[in-house]
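Right, one structure below, let's go through it.
A, B, C and D label the chains in the order they appear, each numbered from 1.
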Amino acid sequence: MTTTLPADGPMRAAIDAAKQRVADLHAELPRWNLVAWTAGNVSERVPGTEGFDDVLVIKPSGVSYDELDADAMVVCDLDGNLLEGSRNPSSDTAAHAYVYRHMAHVNGVVHTHSTYATAWAARGEEIPCVLTMMGDEFGGPIPVGPFAIIGDDSIGHGIVETLTGHRSTAVLMQNHGPFTIGTSAKAAVKTAVLLEEVAKTVHVSRQLGEPLPIEQTHIDSLYDRYQNVYGQKG
Amino acid sequence: MTTTLPADGPMRAAIDAAKQRVADLHAELPRWNLVAWTAGNVSERVPGTEGFDDVLVIKPSGVSYDELDADAMVVCDLDGNLLEGSRNPSSDTAAHAYVYRHMAHVNGVVHTHSTYATAWAARGEEIPCVLTMMGDEFGGPIPVGPFAIIGDDSIGHGIVETLTGHRSTAVLMQNHGPFTIGTSAKAAVKTAVLLEEVAKTVHVSRQLGEPLPIEQTHIDSLYDRYQNVYGQKG
Amino acid sequence: MTTTLPADGPMRAAIDAAKQRVADLHAELPRWNLVAWTAGNVSERVPGTEGFDDVLVIKPSGVSYDELDADAMVVCDLDGNLLEGSRNPSSDTAAHAYVYRHMAHVNGVVHTHSTYATAWAARGEEIPCVLTMMGDEFGGPIPVGPFAIIGDDSIGHGIVETLTGHRSTAVLMQNHGPFTIGTSAKAAVKTAVLLEEVAKTVHVSRQLGEPLPIEQTHIDSLYDRYQNVYGQKG
Amino acid sequence: MTTTLPADGPMRAAIDAAKQRVADLHAELPRWNLVAWTAGNVSERVPGTEGFDDVLVIKPSGVSYDELDADAMVVCDLDGNLLEGSRNPSSDTAAHAYVYRHMAHVNGVVHTHSTYATAWAARGEEIPCVLTMMGDEFGGPIPVGPFAIIGDDSIGHGIVETLTGHRSTAVLMQNHGPFTIGTSAKAAVKTAVLLEEVAKTVHVSRQLGEPLPIEQTHIDSLYDRYQNVYGQKG
């Protein structure tokens, strides 16, 4: 296994591009009011080339969002060991790394304590699919993952166990907060933003009564169209 | 029917002016917190001249609000077919086009997933007219439209069916979110902003009890004055 | 009675200074999220000198907050007649004018539809004094004024009737929204900001139970200290 | 006791550096929506050197957040007497000073009326520890302090009495609002930000049911790890 990162070449170019992307995406978290102070983190997998293993780029621990430029980002291997960077990696790095090790199609992971998603997580209650936007984006309800303590693989294990075989790209870790996954860091950030939006809208709706359910066939139809038609596909 | 748009002349000038207006108005949606990520859209009808049919200007699908300048706007005919623009039109274009085809006095349409309006929509519950501002602007309650799936004319049909003969210029599409109409795109954006404001205020009021009703004669009086006296009429 | 305003001299200087102050203070309303679109207005009395009667400076009707510089402000006499300005005065001018005619110590009036204050107003329910900040600033509960229709003196009359002999400098006009008064436009804006803050905090507190009452002697003590000691008095 | 502050030397340098830090930290209060108008204040202890006693730097009373640069800050002794500055110190200075006199490890104090924390305070109800983030940061529930009137030592006494021997660095003073303490002003500001975040999240969670409790052994584990591992320790 290669643990020294190259100074130039394609792998270096890929790492530097990912650092810039991940730094820029961190700015989206306060912009959409998903984080307080230094909480929250975005990572992206850099697939290995030239004989290097996959690595991940993530934010350092406990640093202000104002200071998060590309140079501040740190690089870790997929066991969470620091490979590059002058600061400690985010204390959630082990969870991100676990996801990348066990879900090959995932290239981006985001964690926040966004208010409404975390409020559902504190009750250990999934968010029911009562909005067409949820059908589009999540294909059904947002599931709850187990209570897990930071410090070993239990958070990562809980994320992977909950999302494997599930349409949802978001999980509400009990008493903790949401993790979202995607085919890129940007996709995972988008999901984190939309998750909080639906978490809030369904919460508000339920405050004054019971939202109307959407039939499963309609949810399937929304999900299928959105995954295959929406946006700029080429 | 003419499907090639002119390179110059009055129709071109009208299209380009509409592109600028619609691009500028999109900035109002995040400013007033009506949208998350790339959700939401504003369109405006450009009445045909010089033998050209009416067209509509709308935002492209799945593009960040930061990139929505006049050049990014797309032009479609009133069947929703792309006439001009390098990207796909918004996936809600068919609904906008349907409204323009069936409501001749409407020149602007706005769709958002704004939180409080969508929360009422998820319960399929109209917003009662308990604020003088609602009497002014909407002339009564905000009605609910039917559940409808994207992909055919059912959303457009639901909007037109609900708003025809109704004072309200806003409809809450069930489980989906609000659409607003106006004599211009700016008027429809204004209505989208005020709709969310009243949706939130009435929600908050009802959280701790029942708002006091306003007598119908007072609602009529408010609506009549506001439609005829308010603002800068010339 | 003099209805032509002077081109120079002390009265002109006082009017122009008030226009600048009132324009600047309008920027505080969106800054503190008290208004949507063009709703809300601030006015200030300019005491008459050189044989001129008192006049008031207020914002024009239906104009965007982005366009509200000093030149956009309009000047009216205390019957609400336009004396200076190229646009119609705010449709709430009659209410402001009524207050100045009947409350000699009031030199500033603010009207908003701020969400939480308006939510209490829609229920016709006064805000109980359960925060030390309310004791400081308002000296007790925030009272409710009568339902009144725009177009005659009934709004102004309702404000004056409710606030005369009351410690509170804010009134919640039923189904409508708050009006605040002060010894200057700035003082009335400050009160509008703090009113919304206490309206929201007491609302949130009551959502999960009953706030603890504050004894009247403590409210009196808070109010007395704040009116006489707080801030920069010299 | 020395009451004249030096014009140069180490004590002057320490005071000036603290003024800059405290001025900069005040900008965090409106940034995170913890304050309305001029409410709220941050202070920092400057440990005495060269024979000078400890002093504290705090914001002046009733001054806009836009005007709070380093020069606007005032310096008081630990009895709350003004030593330097052209304006009156914050009306909460006595409470800050009391904390510094009685808690030697505290070098920063923050007071706000942040909405959700104050809403819990108005009910006199502690915030239960149902979020891993609360276990990390506060090590358990956020306690309530007694009702106390400004003007003598009762606020300071209530803070010290409540927080002495308690893991929490935040206290909800009944009917009033939160005070937070820290080893620096920055640490106390961070705590004020995170306090409001957890106050809001737990409130929202409880609106629709009962959050799941976290076992005490897990809370202890979270608290221990966070206090000893998190962030950039060297």
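In this text, contacts are C-beta pairs under 8 Å (C-beta built on N, C-alpha and C of every residue); 3 or more make two chains touch, one makes a residue touch a chain.
From a predicted model like this one, the values you see are computed outputs, not experimental measurements.
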item	value
Fraction-based call for subunit D against subunit A, same above half, different below	different
Identity of the chain that, by mean CA position, is farthest from subunit C	A
Intercentroid distance (Cα basis), subunit D paired with subunit C, Å	33
Intercentroid distance (Cα basis), subunit D paired with subunit B, Å	46
Interface hub residues of subunit C, defined as touching at least two other chains	207
Contact graph of the chains (line, ring, star, complete, other)	ring
Subunit C contact footprint on subunit B (complex, rising order)	32, 130-133, 190, 193-194, 196-197, 200-202, 204-205, 207-212, 214, 218, 221-222, 225, 229-233
Residue ranges of subunit A touching subunit D (in the complex, touch as defined)	36-37, 39, 60-63, 87-88, 91, 113, 115-116, 118-120, 122-125, 147, 149-151, 174-177, 203, 206-207
